[in-house]
Every structure is written in structure tokens, then in C-alpha cells.
Amino acid sequence: MKVVPSKSSEWMRPVASQKPAFAIIEIDRVSQVFQTSARKDHLALSDISLTIEEGAFVSILGPSGCGKSTLLYIVGGFVSPTSGAAKMKGRAIMGPGPDRGPVFQEFALFPWKTVLGNVMYGPRQQGVRATEAEAQSRALIEMVGLKGYENFYPKELSGGMKQRVALARTLAYHPEVLLMDEPFGALDAHTRTRLQNDLLNIWERDRKTVLFVTHSVDEAVFLSDKVVMMSKSPGRIREVIDIDLPRPRLRNELLLDPRYQKYVVDIERMFDESDAAGAPS
Amino acid sequence: MKVVPSKSSEWMRPVASQKPAFAIIEIDRVSQVFQTSARKDHLALSDISLTIEEGAFVSILGPSGCGKSTLLYIVGGFVSPTSGAAKMKGRAIMGPGPDRGPVFQEFALFPWKTVLGNVMYGPRQQGVRATEAEAQSRALIEMVGLKGYENFYPKELSGGMKQRVALARTLAYHPEVLLMDEPFGALDAHTRTRLQNDLLNIWERDRKTVLFVTHSVDEAVFLSDKVVMMSKSPGRIREVIDIDLPRPRLRNELLLDPRYQKYVVDIERMFDESDAAGAPS
Amino acid sequence: MSRILSPSLVVGLVPIMLVIALWQALVSFGFAPAVLLPPPGFVFGRLLQQLVTWTFQQEIAATLVRLFAGFAIAVVLGVGIGIAAAVNPATNAVVRPIVRVLAPLPKVALYPALLLLLGFGHGSKITLVAADALFPILLSTYYGASTVEQKLIWSAMAAGTPRYEILFKVVLPAAMPSILTGCRIGLVISCIVVFLAEMITSTDGLGHALVTAARTFQAVDMFVPLITISLLGLILNALLGALRSYLLRGFPEA
Amino acid sequence: MIAPATIVRRAAPVLACIGLLTAWQLASLGLKNDSFPTALEAVRAIPDILGDKESLINILASLRRMAIGFGIAVLVSIPLGLLMGRSRAVASFFNPLLMVIYPVPKAALMPIIMLWLGVGEATKILVIFLGVSLPVIYHSFEGAKAVEEKMLWSGAAMGLSPWQRLVRIVLPAALPEILTGCRTGLVLALITMITSEMIARQSGAGNILFNALDMGQYDTVYAMIIIVGAMGICLDAIFERVRAGLVRWSEPQFDMPLSFS
Amino acid sequence: QQTIRVGWTIPAEESKYWMMRRPAEFPDIGKTYNIEWTQFQGTAPMTQALAAGALDCATQAPLSLANGVVGGNLKAYIVAQHVFEKPGGFSVYWAVMDDSPIKTIADLKGKTVGISVIGGGTQGPFNLLLKQNGVDPAKDIKLVEVGFAVSEDALRQGRVDAVNMNQPFAARAEAKGGTRKLFSLSQAMPNIVHILEACRADFVDKNPELVKAYVRDITSGMKKALANREETLKVVNEVLKAPLPVLETYLLKDNDFGRDPGAAPNFPAIQKMLDIYAETGMLPKLDVAQFKHPTIVAPLQ
């Protein structure tokens, strides 16, 4: 499968909710307690239950520190929850696997590899031939706007550039489920918009499932089938909102769509309420 | 000077341009070349000249990788430019000093200190007595919404929490000039808005000069007296826009103000043009 | 504390038990004559006997004084020079080549000269221990200090920390993981060297007890100092581990 | 055209050596002590050693042992250290054991080592092996511990097995620290190369040194020390080249800004 | 062709040095049998090596050998002798500085005295002499270990008040002057045996011919060493790497130890030493007969 970067999105796709809903990821009453150095137990996630259907684009919104990253780690299989269980395709998640590709908030690039080396790492690991892996990787690097930086080491990149390499690295090995932790957080508005489109494009073509953490309500509504709102720590699910907007979504059209506006305003209002209710711990 | 956190802003301040303009920071034809491991020279900043007046709030906008952080490093005195010079109050910047406080994009918290220890570091260094420093620091920690996390170590914090500690750590020692590199990048919309208000509040009361890197056009227009737009690498200054909006600025009022809208739309348009013109390198 | 320690303590004791079992097996199945390798039971029995005697306690005290004095000097010099060389180009230019030359020298060869300069008492032995333990500590410190994250130093400088204080407030704590590794290596070397020095020329100390026993084939008495130093290693390891997890409690790897 | 700074840097080792020799010369003149000859006397004895074919064979024999001991130590210690760093169980299994075994002076165990390994090469290689493995194990251990967890998670998510992660992520990520261990190991290899020949010897650099020491030929002793020092510089320089090539990605981007000068 | 593993040390085994450096002079070496030479630091480690079976034959001092027998279950034969003290020749002595107030052994009370190896071969006669002069070696003096090589310096630096001297260091110190002999071991016993050659009994019993050839060569080596001083000096110089002029001052001269022309062990003298060690409490009583092999003992032709 070759990744062809494209700027606009001239494809058609049935609206997600019309597909037969098959739960690819099930999170069942998951709680996570961290031991802190101060020898106190810290409850990061409390009793989270969530079902994600195959091919769905689900965003997670929530105040800083509410446990979004932790939830992603649990789905990724990197951390096993203190109680409760996470399942993928009906089977308990026992550890990481190439079916779930994470994009970490802190990038976690391999510092001893160049940009190209980082992006090629996944495909090579999956057994793709070197020449092919390189061609694919170069295409992805170009897509994230880093053409010309193939031979730079991570320490020589700016924050946003590192973030884009991390994105490309994960996309390169085509995981079935993408676990993205604020993947566009360090990008300027323009680059962000372009990558949002590219991501939607890939998502559509490859029928991926995406779990997407973001702080931008706009972004969540624009991209998602479903927005999960979490409340302040200990992290709980406050609300799950189905975004019933037609696809393909074109940014310019959507901005004028009153339904889109309403979703954004509603969600923002909910945030304000949540803050008023739950006092900062 | 004691920091009193406040949520709304009921203060009066003359509009910046009415003050006698005294150039606190002058950047004079600065270029920065990096040596990359690939043994190629990489031009990160090209011929940047910029004057920042005392007490001004200046935002820098620009595509990812255009050299914003590098420019901040030069003003901070951490990196000396390959050519050109930066001056503070008429004197060449030779190194870092407590008059210019940075908030780094990567936070750079001291891993061996707790949240409180990190925030107290600056005041203690400035000779503030321990009890007083602690009281101030606790107030700041509460302001950034981290009350209860005083004894956590950085590794036990989420991304956004670390960012807020970094912000508090710098605010704690009252630098004259704040050099902030996407200080709200990892925060949710709500926390972000609150901290924007708090920052404006502090800025006004202490008559600070702020150099503020952001990716959010909204944020730049809302906060700044002046927005500097940079173009794609090698970083150059494309445009400097004076934001002529009355202060104090209240978010709710401003959102309805057509001048504000125009600034945002204009700047966004400029971004699009810049991308169309300068092909991605 | 006990929650963390106990399982790993058990796991840690297993191999030591295995070694003792192997030792017993070697003796029992005649792979080594008892006159060269006495059965462990004998050795531990004698050790318990010896531990309560005043003379043996004095031997241990003499060895410990030399060990810790030498090691302490090595730590102070090694960490000090290592950090200075890492942060200051001028010091670096001087220290680097000198270390390159001096580090690989077999310090025992200097021992006769040290004996004459410092006498037959503690001085010469402490110096030898310090000289041998110094370089591993210095090299580790240098590595740790020269890879400190730049922005940590920048943050401290911007907060108004004077340059020399940055050494103590940023470089030292940030380099601590590496320094502690160096100290662990230096400590082991100190144990070896203090014994060596006492074996070459001494009138007291565990090393001396060992050679005199070895010369007269008192195998059990020879193994008592060896076991003592092994146990000492175990104790020091535990102390170092505790110190490490205290000092590095903020670091992700702790 | 060479910049003055480069000249200073190139000349620094030479200057340092001259400085050391001068300090030594002055000290020995001041002490007037037979067992501490002047630097000049020692330097004068160097050609005698290097001119003698037998001595050269001796020195080469030592270097060969050192190379073997160092090689085996590195091959064994790095995997062990990395495993200890990544697995709490392995660490708590080996750590106390190592701390019990290493402090025991090998010289004291000679009678038993001789019993199984004789008095020849094997014993000396074992001693060198133990000397080198100590820092390599512990630096690999610490290096592996400090590897950023999320890097390993990324690898796991790409389908790397635990062993592959150890080799392809932990090893490169910890390489700078491992190489520091190897560098200390190199220093200790040279030292143990000599001291392994203290008690029993057939041929080797230590043979020359300890014979001279026994005979009170102090100029030869110190000449030998100088020769070992010189070997140290050469090996270190070679090692530095290899290291620089392997871990260029980890070099700090900016110079340490703390010069007091 | 069989190999015999031999331990040796420096500085006074001229016949073995000849065998090492001039093997062509010995018809059997390298032809009917081979020698694997290993040099040791002192005789005690060689005793351990013998006991561990890592060596077949080695240089030994009477005390170390006896220690091996008593403590290490070692069974060995004394097959030859290297050097001993002969009347009129060199005897290991304790020196003081010329201007030292110490005039007699009794004056050593309360002083710091150097000895090459505490509990070593010289300590028996040394203790005996002290006791005879009313000095308790355990309480009245402070004994420190000072190797022969640094004796002179330690004395001149004032690190010790008296110290033992051995060749070639004694010759060197005397040439320089400023020191004086306080007493020598010959005062305790006239014909002390310093080092001899011992072979493991089981090895000898298994390879009698081999050891015979070895002992034969030691005998002939001793002959050659005594017959050709010029060449011996060269050989010793090659082994010790000590400059010829230094060796010239003492080696095989009157101020050197004695050497038996046939390298024959002096069993009565050895017995006497064992008795002294027993008397001073360093060893239980031993009979030298157990070290005697009926046939394999120097001189062998």
C-alpha cells in the first residue's frame, strides 16, 4: 500500500454510523492508580468504560492531567490497568502490538536514527524491502512537510518537526488502530490543517480506527465520529457525544455549517460547567 | 512583590502605543547557521531585525521549524548568533540573566526537584527567604491549577502539568522580560483561557515585556500589541502587525469585535499566501 | 520499604546461596582439596568466632579506615575534577590529556615510592586506594556532566544562578546517576586495592591477616578475610542502593 | 591553515606530558630518593627496553592477553548489563552476586585459581576479564535503566520482540553510557594486564616491571610505567575515534556555557 | 618428550638461570624433556602452586616448604640446593644508620624494625637472636614489612630504625656508605640454607627419569655457573636485567652467599633450621628425612 499525499479530499465514503458497528476496542471499568514518590497513591483514571467501533474516529477531550495519555497507554498495552480490562477484538490486551500504533505526546523518536531512519524503522520491522520502505517513508516525510530533512537527527529538529516525524513513523507501518496523543499540538495552524486533511484521507482509505487525544474542540468536532469528554482528575468519562455531520467534511463548508458551530459551542460550554462544578483538586 | 492570582481583569492600563516607546530589546540583522551531523550548514535564521519596546507584548507566529525557538534562545543569551547582534537596554546580550526568563518548549524541569522545588528555585536563587519563597510559589502553583501536586516529581506529571510548572517556575522570579515558547501549547482550551488571563494580569501589573511564541492566531491577536509573522525556513520576518485593540481586553467582548475578527482573518490569509508562495523547502 | 525490598532480596540471595552450594560441592566431590578450599561451614563458623574477638575487630577497623578514607578522597577529587573538566574548556584542555596518561598506569608500581614518602601506616595505603579508585569515578562524572541537558543549565542561569553555583545546583544533581555508577565501580576497586596494599606490605588489616594465613596454609583463616570483604561488598551494595534510590528519586530510571 | 585554537588543542596532550614530566623531575630532585628516580633517568631507560627484542615480545604478549580479556569481557558484560537494566528480576539476581564476587582480591584467590586454570594465560586473562567487566556491566546496567520508556513502547508497538528491543533499542540508546564503561574498562585492562603478572609470570610487560621492582631497578620500573602510559594514550585515542563515530547523534548541541576563564 | 613445570624466582638461582638462558649447553633440555618456566613473586606462592598441582618443581625456602607440608598436605622431595650462608661469606644482616644510637641487639627495644617478610624464613633466626638478647620480638619492637628492594631507602629516610639487608642491595648500600651492620643471621646459625629446589613427591614417583634428568641439569648448571663467572654474570644480567657493574660488586665473590659445587642439599642444616622454627613456635617439629628421596638428589652426574 503506498501513501500518496494529497491536499484536498475528493473521495466519497458512507457515514460511519451506517456501517455495521463492530466493537474493535472495549474498555471495561478501567481504573489506574499510580504510586507517587511521596508514597501516596494517586488515582489517575476511575472506572472508565468505553467502546470503540471498527473504523471509528474517536476524539478524547479533557482538562490537562485528567488521564487521557494514561488511557491511551492502557489501550496500547504499555500499561496494564490497576483494575478493569481493555480488550481488542474481543481479546484482552496483554501488551503492545503492531495492530495499535501510538504517537506519543513526547514524540519518543530514536535519537540515533535520522528522520528517514526513524520513519523506515516500522516498515523494515514488518519485513518490507529496504527500497520499498524507503520510497514509502520518503513519501510520508514529504507529506508531513519535512522533505529535505531526511538526514537530520532528532536533536537537530524543532519541536513541531519532531512531532511530525513521530506521526510519520507511526503511519509508516499501517497499524489498524491509531492512538494519537495530541499529534498536532506543536504545529502551526496551517500545517495542522493540512495534516488533519491528510490524516482523514488515510483514515478513509485504509479504514483505520483512530483514538485521538486533542485539546482543540474545533479539531475534535471536525475530525470525529464521536467525542469523549473526560472530567478533571480522577479522570472519568463525563459525556460521549456523537458528531453527526456528513462526510466527507470540507473545512470551508463545515465552518459555515450551523450544526458544526453548535457542536463546538455546546462542548465548550460543557467544559466551563465542568470546571465550575469540580473544583481543582 | 507578591503574586496574587486573579481570574478576571478589572484593571486599567493606557494603550501600549501611547507610552513613550523605549526599545528594551533590539535584534539587529541576526542570522543563525547550525552545523548538522550531515556536515551541512543549515541556515535557521536569516537577517532578522526587530525592536521590542519596553512593556510590549509581542507574539511570534510562524510555520513549524521557521526558527522561532532559535530567536528566543538568542534573546535569552543562550546561543550567540552566527552574525548580527542582540541588545537589551542598549547593551549587547552576552549571556543569560535573571532579567530575561524563558519558558522552554520542552519545559526543562529539574527532574530531581518536586513541583514546589522547581518553582521555588528562582526566588531562592534571588535571595528571597525560604518561607516567603514558598508562600509565593504555592500561590503560583495554585494559580496554574496544580494545587495538591506540590510534592510530585516531574516524571509523575502529565505533559500539560509539566508545562504549567515550567510557566510557574519562570514567573516565580519576576524576570523583566518573559520569553515564552508555546507556553500554553499542551493545555486544554479552558485552562489555556484562564492562564491567558492570568498572564495578561501579571503583565499589566508588573509592566513586563513579553516575547511570546504561539501557533494560535487567536491567542496572538488576543494577547499582543504586536504580532511578528515569520516565513518558512530560513526564518525571516515577513510582516509585523500592530494590534490596535483597546485594553483591557475581555475575551467575550473581543470575540464579537469585528476588528479582532479582521486581524485574525487577515493573519490567517497571510499564512496561506506564504505557503503558496514559498514552496516547502 | 520492605514491600519493595523483600522479593528482590530473596531473588538476590538465591545466587549467593548457589555459590555457597557450589563451593560446598567442590569440596565434597573432591574437585579441590580441603587444604586449599575449606568447606564453607568451617569458614563461616570461624568467621563468627573471629568477629567477636578484639584483634579481628581491629583488623577490620584498620582496613575499613583505609578503605573509606581512600574512597572518600577519590570521590571528592573524581567528582570535582570530572565536573570541572566537563564544564570548563580550559580545565578540560589540561585535565583530559593528564587523565589519559595517568589513568592506565599500574598504581601498584608506585607503591614502594609511596611507602617511602608516606610511611608504612595508613597514609600510603589510603593514597594507593584513592589513586586507583579515582579514575573510574572521574571518567563517569565527566561523562555524566558533559551530557547534562543544556536547557536545564539555561533555566538555572536565567534564574540568576551564578556560574560556579550551577555546578552544584544543576550539573552535579543532573550527573548524579552517572556519578553513582562511577562510585560503585570505585568502591569495588577500593576494596580490591586496600587488600592488595595490605597484602604487599602491612602489619595489620584484613589483607595482612590473609597473607599470613596463606603463607602458613591456614586455609580457613585465609578465607575468613575473603568472606569478610565479600560481606562488606554486600552491605555496601545495599547502602549504595538505598543512597541511589534516595538521591535519584526524581529521575525516571530510579 | 590551522586555527590557533586547533594548534592549542593538538598540542595540549604534549604540553600535559611535558608538564607531568617536569613536575616529576622537580619532585624527585627534591626528594633525593633512590626508589623514586628522576624523570630523566626513567626516560633514558626507555630505549633500553624498547631496543630489546625480548622486552618487545614480552610487551606484545601482554597486549595480546589484554585484547583477549577485553574482548571477552565486553562481549559478556554488555548483554548482562543491559538485561540487568531492563529486568528487575535479573538485576536483583545478579547485583548482590556481583557485589560479593568483585571486591574479593584475585591475588588472594590465586591458589585456587591455579588449581583449575594453572599459572599460565588462562589465569591472567581471567583477571583482566574481571577488571574490564566491572565497569562495563555497571555502565550498561545504568545506561539500560535510563532508556526512555516510551522509546521501548514505540518499538514494541512496531512488533519488536523483547530480545529485539534489547538489541535494537536499548543497546543503541544506552551506547554512549556503555562506551563510557568500555573506556573505563580499557583503563582497567591496562592496569590489570600489568598486575595480573605480579605473583606469577612467564612473559609480559608486568614481568619486566616487577622484576625491575624486585631488583630495585627503579629507572626501568618508571620507564615501564611511562611506556604503559603511552600505550594508554594510543589506545584511548583509537577508542575515542571509534566512539565518536558511533555516538555522534548524542553529542550535546551547544557547548557548555560555564567557562570561568 | 615430557614437560616439567618449574617455578623460579630472583635473584639467586644461577644454575636454573643457566638452564633457561643457555639451554644449548645442556644436552637434554629441549630434546629428551622440556621445561615450562614460570616466575613467581617469592617462594610462598610457589608452595601454593605446588600444593595445587600447578607446578612440578619449584624453588623453595625451608620454611615455606615446611608450611606446605604442615598446612597444605604437600609431599615433596628436596632435590637440590641453591644458596646458603657459608662462614666468611654473605649473611643476611640487619643494618642501622652509622649515627644511630642502636649499638646492640638489646638497643632495639622500642624501635621500629624492618623485615622482608613477616613470618618469613628469616624470622625464625631473627626471633631467636632477639630472645637471646632479652628482647621479646612480639612486644618490645614494632615490626614492619620492608621488602629488600626498599630496605636501604627506608632506613635512610628514617622510616625504620633497623632493617634487613640482602644482596645485591647490601652491596649497593655499602658502596654508598653511611650504614652499619648491627647483627647478622649467622650469629644465630652459621650455615643457614636460603633456597633449595623441591619437587612434588607424586610427580617424582611417577616420572623418576624425568626428574633425574632435571636434577642432573641443575647440578651441571651449578658447575657451569661456578666455573665461568664471566658468562654467569652475563646470564644473570639477562635474567635480572640488573646492570653488570652492580652484579660485579658481589656476585660469586666473597661477599656473596655460598653455593655447593654439586648443588647438594645440606640436610643437617635444614634440620637445624626446622628445629629453630619449632623452637620459636613457627612450626611443629619436623623431620627432614621425609624430604629425602633415596636416589634423586643432587649431585647427579
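Chains here go by letter, A, B, C, D and E, matching the order in which they are written, and residues are numbered from 1 within each.
The criterion applied here is as follows: a contact is a pair of C-beta atoms (placed from the backbone, for glycine too) under 8 Å apart; a residue touches a chain by one contact, two chains touch by 3 or more.
Listed by chain with UniProt protein names: A, B = ABC transporter ATP-binding protein; C = ABC transporter permease subunit; D = ABC transporter permease.
It should be emphasised that the depicted structure is a prediction, and the values quoted were computed from it without experimental measurement.
Contact with chain A and chain C alike is made by B, D. Traced through touching neighbours, the fewest hops from chain C to chain E number 1. Among the remaining chains, the Cα-based centre furthest from that of chain A is the centre of E. Put simply, the C-alpha centre of chain B and that of chain C have 48 angstrom between them. Chain D and chain E have Cα centroids lying 37 Å from one another. With centres set at the average Cα position, the gap from chain A to chain E is 83 Å. As a whole-number value, the distance joining the C-alpha centres of chain C and chain D reads 17 Å. Taken residue by residue, chain B touches two or more other chains at 37, 78, 95-96, 106, 153, whereas all remaining positions touch fewer. Counting partners per residue, chain C has 36, 112, 116, 150, 154, 157, 214, 249-252 as the residues that reach two or more other chains.
Multi-chain contact residues of chain E (touching two or more other chains): 48, 51-52, 147, 149-150, 153, 157.
Here, these are the chain pairs in contact: A-B, A-D, B-C, B-D, C-D, C-E, D-E. Those residues of chain B that touch chain A in the complex are listed here as 34, 36-38, 42, 61-65, 67-69, 105-106, 145, 147-148, 151-153, 156-161, 163-164, 182, 185-192, 215-217, 268, 271-272, 275, 280-281.
Partner chain D is touched in their complex by these residues of chain A: 73, 76-78, 95-98, 100-102, 104, 106, 108-113, 121-122, 125-126, 153-156, 169-170, 173, 175. Here chain C touches chain D in the complex through residues 7-9, 11-16, 19, 32, 36-37, 86-90, 93-94, 96-98, 100-110, 112-113, 116-117, 132, 135-136, 139-140, 143, 146-147, 150, 153-154, 157, 163-164, 166-167, 171, 177-178, 180-182, 184-185, 188-189, 191-192, 195-196, 199, 207, 210, 214, 222, 225-226, 229-234, 236-237, 241, 251-253, going by the rule given at the top. Listing the residues of chain E that touch chain D in their complex gives 5, 7, 10-11, 36-41, 45, 48-49, 51-55, 147-150, 152-153, 157, 168-169, 172, 240-243.
Touching chain B in their complex are the following residues of chain D: 248-249, 254, 257.
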